[in-house]
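Going in written order, the chains are labelled A, B, C and D, and every chain counts its residues from 1.
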Amino acid sequence: MNWLIAILQTSLFVVLAPLLAGWLKMCKCHLQNRKAPSLLQPYRDLLKLTHKQPVVSEQASWLFIAAPYLIFSATVLAASVVPLIAVNLPTSASADVIVMVGFFAFARFFLALAGLDIGTAFGGMGSSREMTISSLAEPAMLMAIFTLTMTASTTNLSGAIAHVLNEGLILRPSFVFALFALILVAIAETGRIPVDNPATHLELTMIHEAMILEYSGRHLALIEWASQLKLMLYGVLIANIFFPWGISETFGAKDLGYGLLAILGKLALLAIFLAIAETLVAKMRLFRVQEYLSFAYLLGLLGMLSHIILEASR
Amino acid sequence: MILLSAYCAVLLSFASGLLALMMHQRQNLSAISEYGFNTFFTRNVHCRGWLNKNLEERRFPVFLKQAVFVLLGLSGVFAVIAGLAVLLGKGVITDQIALGLPWLPWHIRFDGLSGFFFLIIGIAVCAVSLYGPGYVRTYKENEHPFAALGLFTGLFVTGMLLVLLADDAFMFMIAWELMSVASYFLVAFQHENPANRRAAFLYLLMAEVGALSIILGFGVLASFSDGFTFDALREANLSTTWASIAFVLALLGFGMKAGIVPVHVWLPEAHPVAPSHISALMSGVMLKVALYGLIRFCFDLLGDVQWQWGVVLLVLGTVSALGGILYALMQPNLKRLLAYSSVENIGIIFMVLGLSMIFMANGHPQLAALGFLAALFHAFNHALFKNLLFLGAGIIHHQTHELNIDMMGGLIKKMPQTSALFLVGCMSISSLPLFNGFVSEWLAFQTALQVDVLDNGVLRSLIPVAAAALALTAALAAACFVKVFGLIFLGQARSRNSEKAHEVRDKGMLAGPALLAGLCFFIGIFPGVIIHLINNVSSQLLGHTLPNDSALGWLWLAPVSAEQASYSPPLVLIGALIAAGICYWYLRRSPLTVMRRAETWDCGFGGLTPRMQYTSSSFTMPFRRIFAKTWIIDEQIKKDLQGAMDQDVVAVHYQLHIQDHSWPRLYQPIAQGVNNLARQVGRIQTGNIRTYLGYSFATLLLLLWVIS
Amino acid sequence: MIAVYLVLLIPLAGIVFFALGGHRADRGKLNVRFNAICLLATIWLAVNVLNQGTILSDNKAFLIDPFNVYLIVLTAFVGLTTSIFSGPYMAHEKDLGKLTDNRLKLYYSMYQGFMLAMYLVLTTNNMGIMWVAMEGATLATVMLVSLYRTPESIEAAWKYFILCGVGIAQALFGTILLYYAAMQIGDGESSLLWSVLYENASKLNPEILEIAFVFMLVGYGTKIGLVPLHNWLPDAHSEGPTPMSAVLSGLLLNDALYAVVRNKMLVDGASHSHIAGYLMMGFGLLSFLVGALFLHRQKDIKRLFSYSSIEHMGMMTFAFGIGGPMATFAALLHMTVHSLTKSAIFVTVGHASQLAGTQSIDKIRGLIKTQPKVGWGLLIGTLAIAGFPPFGVFTSEFLVLLATMHSYPWLAPLLLLGIGIAFAGLFRHIQPMVYGDKPEGQQPVKANLWPVIIHLGLVLWLGLAIPEFLANWFSQATLLISGSTPL
Amino acid sequence: MNLEQTDFYTQAILSMAALVGLTSFLMLGQGRLLRLIFVFAVQGFLLTLTTVLAAYSLNNPHLYISALLTLVLKVIFIPWMLRREVLLMNTHRDVQALANKTVVMLGGASLMVFSYYVLHPIVQTTSPVMLNALAVSLSVVLLGMLLMISHRQAVAHVVGFMSIENGLFFAAIVATKGMPMVVELGVAFDVLVAAVLFGIFFLHIRTSIDSLDVDLLNKLNEVDK
């Protein structure tokens, strides 16, 4: 039963991811006085891509073809770890937050390799930049997450969320720092403005898009889907860790329904904030990203220190 | 029985070395066999025919090389058996050999810790001896005599095994130096290259300094006890100050061998120039022996660890880990890169060991055992994947005659098996889930996160920072190995050599790495196997084990408690298979969407050439900018100008030299100091006999004055 | 007792034989035979001593105790192996036209003369005779140093002669003082006998003895090559024929140290100030460090190794100076392994310089590729002398270090520093010589490398395990010198 | 010490000591080789006299032999040989001006004082006469070294070397009534061989550097040029 719900939750994750992307795009369009595409447009894109005949470069090796599957499944596995509507699911026990970061690293590893596989300058450029940014983002992210896990004294996400939930509303300065750090990291990792622009194909600025330039058809669909999934995943992380209220602790249908509604609401709200931010802020130069990320790291560190000094001092 | 197999391992490796010496003794060997058959085995015609055939002029070298590696492999097998046996038997076996000083025979002690490292060495040696025969075939006998290579390989392995068995300071040092010297000769094996000679000199020099430091460390212990046996040294009753002095000396000595920043410089020089299977042993195994020495010295001989030592290890480890991987990132030479990455991994191990010490000294032996576990586990993993990668690098070098990764590319299509094995190595070392590297790194994080139990505020804030540095290290390692794999195997060939490369024909050369790759994956999925073994070590050494596998069974890894953290690699594997399977099935079901091959899109300019690809230096350019202070960067761009007013750029020359800071900061001043001092001292030898008489006269007067 | 006379008479016969024997082609082999018989005699002597303990001859002229008997055997052994090497070596030198037949005659005759002097130094019971023999050794070798008659060799020989002569004169003054001190307690002419002196050591006036010891130390120290009295040593080693360098380094220095240690035993018996030990430690450490630093600047391969001899003699002097059973044991062991290793190295060095036609380090290249045995011999020998296990030098250095740690821990870092510097100094020169491609036209030479193999084999054996009889021997000698044994 | 109270032998020994010391000083200040050799011969003769004196008064016949040896070697043979060399090589007209003669002489004088200072502990065991004799012989030894340090001619070095031997002999005779016979014969033999070797070396040095100036023998050094 528990396993079933876990699988269900994961599937829900996978299914809802394009919706979040659609909603985000919609909000952005409205903010920028453009006519918005339908909320379901991402689904249509994915469907269309899967039915197209993929064209693969002659230079490509098996790795290029295998990479999308690996990336997608790694991201799905990461998603399965994160509690969406309910905590205490068995999947989250099989892997904790560090493993989740590991899954991201796994996906990124293959994405970067795929970028290098064809042997074009763009692919290499994208891989190089992606690895740079992610290697700076990863410590910042772990710093933020460690703050939480040390508070909850567990690295299990569901355990941590349950801890916050049961503790009730306590204003922790460390959480404020951690939240901001995590948001900054999430923006960098999911390739949003101001770090990367998912809509651009201008060679000097693109990162994520540069790596997947050679993909088409179902391969492209998988990668796109995986990145939508990643966006949602970070959203859920922020929403459920810092504002866990509404998430279900039991597996009754009603509770689960409320959980679903709560997370949908929270994500919708987050997306609006993100859209506003993306509209207001301009993209940064590549080499300012390090400052941005070291700021995130600093926030994470401050969160950690304030946890140690202010909250858990003996 | 267990000890017997350990001895077998030692003797077999020694025998393999001696056998290699027979390379030029074909005549004598055949004479001996003739004599032997005539006198003893007159009837055994079959065997005789076989032997005679092998002793023929043409077949003999091949036969001998194989025989040498068979012996070496057997030694590895025995080492594995002995290691496993002693780990599972949980016993401590001691013995004495009547060698050494008259009042100090060689003391032998075989316990869990030695057993564990026996296991590491055994596996590595097995893989290497599978790989070796194919690899050494290309060496021309008159230029690179196999006798030297085989002899010193055998001695090298013998030395390492003996270090693990030693139970007194004297034998320990002998074995230790045997290991150093033998590997020195291996580094100098292809000595016609100046780089090899330089590396060998540096290596031997640092080995010597390190060994002296270790001797001094033992000396400190010995001056507080009566004797040099480890038993006596354990009894030594040291004040904290003296214990700390001993610790620092041991750290310097063992750290030098292990390659801790800033005393790591020999490592990236020496490892790349040795033959690849030797680099594999040096990087994969010898560094672990240094680690063994440190553990033996600190945890076993010194006994009461201080938390300050832990902090020292933690800081040094962090610096090494970050420094190592940042230096590795910049290297275009594959083996140099791997060597630097060894610095990184050793740094991680030291870091976790430091954590273990801190917990130990603060009275949390359970957590100390956790840290210890993580450290040993990572040591084990590093031995596996670094061996694998070096062997892979050897294959690549063997097939392309290149080590510069800017000259490779596209090998995945030419060498599919090698590339798959190498990919496993890269994934393990980048600590991606499902592979062994991840498990030990996960355990390291778990150890670091237990910081809450400590009372000391400095430690409580220092350790998380170290953990974040560990995260940065891991991410950089991933970037580094994306670069490695991407530039070597993916893309288009960047030189003629790699264009013409093909898969190795020798099955052994693939079997060795395949063994290691298989283990990497197996341990990544079932880490419990190794953890169980290490638990036996830590129960012997620290008196505590982990409470793992009680609540969740063998499937789960829950080092502290199931609530705090858990990881189940088999379930993750199943999940990944399901997810990948579903989408694969779903997407591939339609026959209409069969993949089509087409030319790469070239932005309409036409003709993508391999030179347009990213190179090592361009791949790492962002890192170079961000962490600019870490290196000494010498970047030169020269333009050849031509035409009216020198306006046309004909060619652009780009040069990039990246150097370690430790050279100009640490080593050159020392070298210069010694040279200066020598020059000053040289002035007393004036060549004038009257001056000399004056010295004699002055000495006499001085002494007479002193005496009265 | 006959053995002692045999040991002395055989080389004496050798001198006469070679001096009068006319021109013979097989002198090299005969030289080997003389030395071989002598070695047999010394072994016989050693067996006697091991069985019966200290032997004092009837007329009290000779005293053989465990300390000197082992040096006698060592001397005979190194003398033999070096003579094995010197046969083909000198023949080759003659073929090259560097030597005339007359000089070769002188060489062989003086080789035996030197051996005789060495045996006499070791066997005699009389301090005065010891001095005479020591001076005799200088006189025997001084002509050999200038054997090639090049300006440099004459310069070297002159310096050797004058410095050692003056030095040893001081030792004679010390001897006279000692004699004087001994006369104070009667006994007339026999007062110069070691056997008598040791018995009466505690009665001797310590202050006079200390002054005498200073003269002895400066005097014999010149021969040991202690800094700053060492200046003759590199010159003499580098300019003489290589077999001579081998025996100088392997034997003469040892015997001079033997003389100093004998005197130290006496001083220690008379006074309790340990001043002799401190002086030896100071000189030893200074020589050790300065010798190590000198290694870095050498351009001549034989000079290089002669400085290494200075360094090692310094180490031994230091160890004897520490006193105590372990340090003494270590020093004795070091004496043995150093002689063996250093003479082996000089053998390979001789061949290497014949190969390259020069002694200049910059011009000797690619030895391993040209003649693997010579190259490997030199390399392994250098490793051994630099104190790498499992060679015996390591064992002794290890023990010296530990003894130092035990008694004077603040000196141990200096010692280590010296070892490190010496190591770097040796290897920065050795590596380019042995490794690398061979220069155009470099041809192997005829060489007999058995001495090298035997010596290094023995050193290896001593490093791995000290055989029972040798250990007993050493510990008896240790007992004699330091008053207790490490066993 | 009261000189009047000592016997004739002691007085004679002390006078001899003074004379020997004086000859050493004379040698130290001597720039001309032939005169140097002459003074050396005189020193040798004084030594012979001392030996005879000792032999006579101590009734020690073997000292006569050593007196004879000294006479033959140090008074006749070596000076003759050196003189021959000097004349042969035509260096007898060379005058080597000592760089700072005064300093050297003063140094010599202070060496004498130093010798007394060093040997002072001997007074405890014996008469002050012995101290005087030993101190003089020590200072002869030291002055011999100083002679070698301050002079550049090889011949002067040989003279210095031999004068050191003289000092030693003096000490042996006065303090210990001569060494045992074997030793004395051995030492004499060594001196003889040394003298012969010196002769050979002069020839070699002469042929190789065309001079007997030891400062020119400086090819083997370790100093950076």
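Here is the rule we go by: contacts are C-beta pairs under 8 Å (C-beta built on N, C-alpha and C of every residue); 3 or more make two chains touch, one makes a residue touch a chain.
Please read all numbers here as calculations on a predicted model, not as lab measurements.
Asks: Out of every possible chain pairing, which has the most C-beta contacts?
Replies: Top-ranked chain pair by contact count is A-B.
Asks: Looking at CA centres, what chain is most distant from subunit B?
Replies: Result for the farthest chain: D.
Asks: Could you please state the distance in Å, as a whole number, between where the Cα atoms of subunit A are centred and where those of subunit B are centred?
Replies: That pair's centroid distance is 36 Å.
Asks: Just curious, how far off is subunit D from subunit B if you go by their C-alpha centres, in Å?
Replies: 69
Asks: Centre to centre, by mean C-alpha position, how many angstrom separate subunit A and subunit D?
Replies: About 100 Å separates the centre of subunit A from that of subunit D.
Asks: Would you kindly tell me how far, in whole Å, the mean C-alpha position of subunit C lies from that of subunit B?
Replies: Once rounded, the distance between the two centres reads 43 Å.
Asks: By the touch rule stated above, which residues of subunit B touch at least two different other chains?
Replies: 679, 682, 684-685, 689, 693, 696, 700, 704, 707-708
Asks: At which residue positions does subunit A touch at least two other chains?
Replies: Residues of subunit A touching two or more partner chains: there are none.
Asks: When you check subunit D against every other chain, which residues touch at least two of them?
Replies: 118, 121, 145, 148, 157, 214, 217-220, 222
Asks: Which of the chains touch, listed as pairs?
Replies: Applying the touch criterion to every chain pair yields A-B, B-C, B-D, C-D.
Asks: Looking at the complex, which residues from subunit C come into contact with subunit B?
Replies: Within the complex, subunit C contacts subunit B at residues 158-159, 162-163, 166-167, 170, 210-211, 214-215, 217-218, 222, 228-229, 231-232, 234, 275, 279, 290, 293-297, 368-369, 372, 383, 386, 388-390, 394-395, 398-399, 401-402, 405-406, 409, 412-413, 416, 419-421, 423-425, 427-428, 431-432, 435-437, 463-466, 468, 471, 474-475, 486-487.
Asks: Show which residues of subunit D lie in contact with subunit B when the two form their complex.
Replies: 114, 117-118, 120-121, 142, 145-146, 148-150, 152, 157, 214-215, 217-224
Asks: Name, in rising order, each residue of subunit B that touches subunit A in their complex.
Replies: Going by the criterion above, the answer is residues 409-410, 412-413, 416, 423, 427, 430-434, 438, 442, 445-446, 449, 451-452, 455, 457, 460-461, 464-465, 467-469, 471-472, 474-476, 478-479, 482-483, 485-487, 489-492, 552, 556, 562-568, 571-572, 575-576, 579-580, 583-584, 587, 590, 592-602, 608, 610, 612-614, 618-623, 625-626.
Asks: Using the touch definition from the top, list the residues of subunit B that touch subunit C in their complex.
Replies: 98-103, 145, 170, 173-174, 176-178, 180-181, 188, 191-192, 194, 196-197, 200-201, 204-205, 208-209, 212-213, 215-216, 218-220, 222-223, 228, 674-675, 677-679, 681-682, 684-685, 689, 692-693, 695-696, 699-700, 703-704, 706-708
Asks: Give every residue of subunit C touching subunit D within the complex, in rising order.
Replies: Within the complex, subunit C contacts subunit D at residues 126, 128-129, 131-133, 135-136, 139, 142-143, 146, 149-152, 154-159, 161-162, 165-166, 169-170, 172-173, 176-177, 179-181, 183-184, 189, 192, 205, 207-208, 211, 234-235, 238-239, 294, 297.
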